Amino acid sequence: MLLSSDILIQAVANGLLTGAIYALIALGLTLIYGVLHIINFAHGALLTAALFAAFFADRVLGIDPWISVFALAPAFFALGYLLQRLVVWPASRGEDRAILLVTLGLAVIIENGLLFQFRSDTRTIDHPFGFDVVELGTMLLATTRVVAFFAAIGVAAALFVFLAMTDTGRAIRAVAKERLGAELSGVDVPHIYAVTFGLGTACLAVAACLLLPSYYVTPQVGNAFVLVAFTIVVLGGMGSVPGALAGGLFIGVVESISGLLYGETLGQLGIFLIFILVLLFRPQGLFGAKA
Amino acid sequence: MRDHLAPVLIVLALLAGVPLVVDSNVVLNFLKVALMLALAGTGWNLLGGYGGQFSFGHAVFFGTGAYAVAVLQVRFGINAWAAFGAGIVLGAVLGLAIGWLTFRAGLRGSYFALVTLAFAEVARIIASVWPLTGAGAGILIPLREGFLTLQFGSRAEGYWFVLALLGIAMLIVRAIEVRRFGAQLVAVRENEDAARALGVDVLRVKLLAIALSGGITASAGAFYAQTFLYLDAGLAYGPWISVEALLTAIVGGIGTVWGPLLGALVLQALSELGKHLGGDAPGLGLVLFGAVLILVVRFAPNGIVGLARSLRPRRLARG
Amino acid sequence: RAQGGPIRIGVIHPVTGALAFSGAQGRVGAEMAIADVNAAGGIKAMGGAKLEAVLGDARSTPEGGVAEVERMASGNVAAFVGGFASGICLATTQAAARYDIPYLVDVGVADNIVTRGLKNTFRFGPGFGVISRVAIENLVAMNDAAGKPARTVMIVHEDSLFGSGLAGLLNRELPGKGFEVLETIAHPTPTRDFSNVALRIRSRNPDLVIPASYYNEYVLLARTMQQQRVRPKAIFSVLGGAASNYRFVREFPDAARFIMDCNHWVDGRNPSAQALRRKVDAANQFFTYELFLNYANIMLLADALERAGSADKAKLTEALASSTFSGHFMPYGPTKFENGQNSGAVPVVTQVLDNDIKVIFPASVAEAPAVFPVPA
Amino acid sequence: MLDVTGLRAGYGPAEVLRGIDLTVRAGEIVAVLGANGAGKTTLNRAISGVIAVRGGTIRFDDEDIAGSRPAAIVSRGLIHVPEGRRIFPNMSVRENLVMGSYARARANRARNLDRVFATFPRLAERTRQAAGTLSGGEQQMLAIGRGLMAEPRLLILDEPSLGLSPLLVEEMFALIGRINAEGLSVMLVEQNVVQSLALAHRAYIIEQGEIVLSGAAEALAADPALQKAYLGL
Amino acid sequence: MAELLAEAEGITVRFGGLVAVNDASVPVPEGCIVGLIGPNGAGKTTLFATIAGFQKPNAGSIRFRGADITRLPPHRRAALGIARTFQIVQPFAGLTVRENIAVGAHLRHAGRADALAAAEAVADRVGLAPLLNLPAASLTVAGRKRLELARALATEPQLLLLDEVLAGLNPSEIRDMIPVIRAIRDGGVTVLMIEHVMQAVMALAEEIHVLAGGRIIARGGPEQVARDPAVVEAYLGHGAAARLQGGAHA
């Protein structure tokens, strides 16, 4: 098949735009994974919840997602914080496999609670820039996605600095590997766990507000993103913020190019094959430290 | 050694008697599905519970067993029983292949979990485009009831069949538990380096475990295909199957013979209960199910087997 | 059953899980029909016996559907309606067959649902084979009528049974009918982004785009095409979620305008169809094919009950098999079941015109003339 | 400064500490000695709030801290350098030390870092190495260094000489003496009985969760029963 | 001197830029107790890891009973009769002490009953008998050290590598352990031990190798090594050296 370089370049650009959103979702996952050592099965459901929140902010209160993000991100931080403090932690008592089940239970509750409350309709918003494009040479890039791209990169960068430079960031990393040691250094472990969960959830709120103008909401919508996010987390190296960002962008481009060449279905295969290859040759992920 | 198998045999015999005293198809259907999940969970438990290798992708085995039995019958005209056996073998071989790729590369813990998840996804995508598996259209096993076609006319027969499969699987697990292989498997779960230092061939132990695990879970998939007679990629390889396999084992009691069976029964019952309490409002039943799941975890952190043990007077460790 | 007690009807749909939206729509249709039958005096041949819906949730899986069949069979239902997805219908019809309880398939378009020799299984709507054959015939006829404006085609389809089956058929049939298929693009459900698909369409610039996708993907595709300024001469879809969905028409009128769809649809001129439409609007629901197909199936069942004069399984099955029901609002004519398939069932072509969905083909049931090719 | 009375604690059904009474006065080095499994580590864990206290009181600076959270106890300046090092393996040596000043003495972080590096030059050479790859002895130094970063008022050291070479053990005890001379109180849990008693002012002997002997270190060192039980003489 | 059971020859191990072990050779005569001492970070544990097969050397070879085993994986070496303990203990935390030891015993005993019986016998030898039914997680550090020893012994090794198994014991406990280790040697097991507890090394080892900065800086009999000025400077310190001298004369 003949593909002009124009098309290839635009496909790469599209991939990067999508990848940034993936990265943001993966970022939340990798944070929670890195500290709680567990794959948060409720991540997809929480993303769905965030999308619903952004949707109703727009529909009912008339607040554009790009504005409401400034309220929803803190609100979802609080939600995540409280979920961890009041549900996940007490129910699991910090046991890895119990956390797994609790997050699974949460996912079922959130997803079906939304279904029960709002039914399974597909909802979309009519965003003022919904059909605008940024023209870059021959490329037409959706304005909403370009904005999302830069916002996502910004959030990732901020998070990276936060983890590397601040005491709370260091405490998060410390708790991740050595709980007792952290406790004896004066770290309030349940608090740090909850902060981490809150941060991961806040990332979802940001992702939701960026996604909504070009996407839709249903009670199952989050899951499609989370499967990719899992891949990205491993690809980038578990717990690594730059890894999640790079992995997200990389996966976005791979998906885009292989989708272009082999069709969207087989294009998905491209993601997972890359994933398996990376794991076989660099099991610690692109940015992961060796075990 | 016989003594070790006795409790399993007794319970199996009791379960086998159910259709003789209960003639509600609702109950039998309930039990049949629960036993099928228990079977999938028993496979998961061997690798995840005893071997400590948590898989999030056991659908890859379930689906392969299911597709094998369907494709071999439909496309190649192979007898259903032979196809069923082939499905189990294929599950085991696939287990070996996946194990060889992942364990050799030293993948463990959550990495392993996510790699298996990826394998299941790859399988799902392949099955959704490959003409042999019916691609997107799926594959339908023609309806022909009979012993030779392994399609049972009565609910009881199907029930006994899956019970027999589960029984064999449980006996295998029980036998492993009291042998060298079992001890080594558990040692690998607890600490690979220490196991290696004590002369355990960690790779071999894991490979054997994943092969057995794959075979057992594949038999559940084969049973599924042979019962519902229709498969598509989402049904065979969908992520929910992977979740149910691990859920039954963990809720029941990880690393125990009884865990998956108890877990499957309890989870199925909870799901029915949720449905009952939630009424006809879509979603409400599952919300209740999720809430109860969290409560179960809260009050039975070591699974139902663990709960039962803690209620009994403390027993000295097995000797 | 006590004389004069209500007649229980098992209404099984996937109202949770991936298919929840379609399942819920189907349930609404069945419940509306049952209410209407009861309001009109119930089953007169049975002394005005009322119908009672026993609701079931198949949870979007075959085993979920079977569990509901078992539960309801032990609760003495006279018949089943529903299923929605082919995979569920295959399993539920088979389970119901063990009890010889008649089963009316609402949507489930897979042809083999009715070719397995199950005596209890009836499908009122058209199966996949008929839909796709008619779709191609209609497309060719419309193109011919308009002076063959469309010659090149791109197909975008979801990768499960319905999309890939259709794409295969189109690829086989269209070249012989004067069309050139430039490219066929498969995508999974869900697909997160259609930018590249739009990109490819833009670069190949086909006259005609044929999407065969479920609702969410369809909407994303149409939106992305609009955004990327992809404007083919027509978008002609088959069983295509959005082109026969009022939500889409309302929310994205620009993206939806002039889209055509070959699908299950009511005879828009039929008064009872119009009445139902009003009722659905009043109830703040969307008028979708899942809804009215279930409605029609209940009507068909009520008619069979009248003729059988009994809720006895064998008699009811017999009455269904010999049914010549014509009091429905589908453009099918009187029902006539051959091996359980209603042989008169056909799809029609609809188009989004003036923010409404109108039947445009075949002429015998058309409400409005087709706009084809689409004005630039 | 630290006043423990009637302390009881344990794990699950097993009660390990069965009424411990112990005091550390300001400026003292107190050695806690006892056989394996006597409950020394459990005592430390109970004092620093890592495990629940089942009875008795723990007063630090005249306030009851029994039942407080570890973070709160650390903020008061009671720092526990745990057995088995418990450093952060994924973080660099420097970051480990910085974490030591998470709850206390943040303002003096830079100064304290220099002090720790001066005390343990080996760590200064390895500031960027991941702590998990340090040798056993290096990890021990790091753990103590991390504890010092919080400017402790009372330092609990659980077997600090474990795994150190004789030379370093020597230096370690000298170091403890030095920081004590600067005014820091130390509670020292050790198996290195001879040197501990030589360094400490007072000592307690724990057996099976109870204090069986206590007094001035010199007197204990001369006690024949103790010599037989713990010095292998 | 007895025949060599095992020999590490010219071993070099690098971690990135760091040379942890630098061209070190350690011969281990059969039937002996050989000590390996040296400052923290000298590379002792790393050298052990290469002998047991956990660490690939960048250069050098490992010989066992004359055969080159440099490329064998750890479990094959265990089967040949090399057992190691871990300085940072690695118990099977979720298992009981008995089950922990039985894993080692299974190397030579296929049957469950045999392995458990062997485990109990070994537990007796190292003083773990009263703790057999406890979960390994509840052992104290010293208990875990014993467990390391017991598990290794249960594999019925010919060469036993002990990495600081006496650390964390008090002097009288160390005194009690010395005969245990000696008895192991007398039972025909060759021992190579890393130990910082000099009294024990001096009492047990027939030959001592001193590793510093990755290199062997001294070797010889205990008395000789303890007097070596380089060893005193790098490792013992003058205080300890003096005490050892005193002890030796006492």
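Quick notes on this one:
Note that the chains are named A, B, C, D and E in the order they appear, and that numbering of residues resets to 1 at the start of each chain.
The criterion applied here is as follows: a contact is a pair of C-beta atoms (placed from the backbone, for glycine too) under 8 Å apart; a residue touches a chain by one contact, two chains touch by 3 or more.
Here the structure is a predicted model, which is why all the values come from computation and not from measurement.
Contact with both subunit C and subunit D is made by A.
Chain centres here are means of the Cα atoms, and by that rule the chain farthest away from subunit B is D.
Averaged C-alpha coordinates give centres for subunit A and subunit C that are 36 Å from one another. Separating the CA-averaged centres of subunit A and subunit E is a span of 48 Å. With each centre defined as the average position of its C-alpha atoms, the distance from subunit C to subunit E rounds to 76 Å. If you average the Cα atoms of subunit A and of subunit D, the two centres end up 43 Å apart. Among the residues of subunit D, none is in touch with two or more other chains. Across the assembly, subunit A contributes residues 112, 115, 119-120, 219, 265-266, 268 that each touch 2 or more other chains. For subunit B, the set of residues that touch two or more other chains comprises 125, 128-129, 282-283, 285-286. Contact between chains, using the touch rule, shows up for A-B, A-C, A-D, B-C, B-E, D-E. Contacts from subunit D toward subunit E in the complex involve residues 11, 14, 33, 35-37, 41, 83-84, 122, 133-138, 140-141, 159, 162-171, 191-194, 228-232. Within the complex formed with subunit E, the residues of subunit B that make contact are 178-180, 183-184, 186-187, 189-191, 193-202, 316-317, 319.
The touching residues of subunit B, counted against subunit C in their complex, run 24-26, 29-30, 33, 125, 128-129, 135-138, 140, 142-143, 224, 228-230, 232-235, 275, 280, 282-283, 285-286.
Across the interface of their complex, subunit A is touched by residues 56, 101-102, 105-107, 110-111, 113-115, 117-119, 121-122, 125-126, 128-129, 239, 243, 247, 250-251, 254, 281-287, 289-291, 293-295, 297-298, 301 of subunit B.
Residues 3-4, 7, 10-11, 14, 17-18, 112, 115, 119-122, 124, 126, 130-133, 140, 142, 214-216, 218-221, 224-225, 228, 256, 259-260, 263-266, 268 of subunit A are the ones touching subunit C in the complex.
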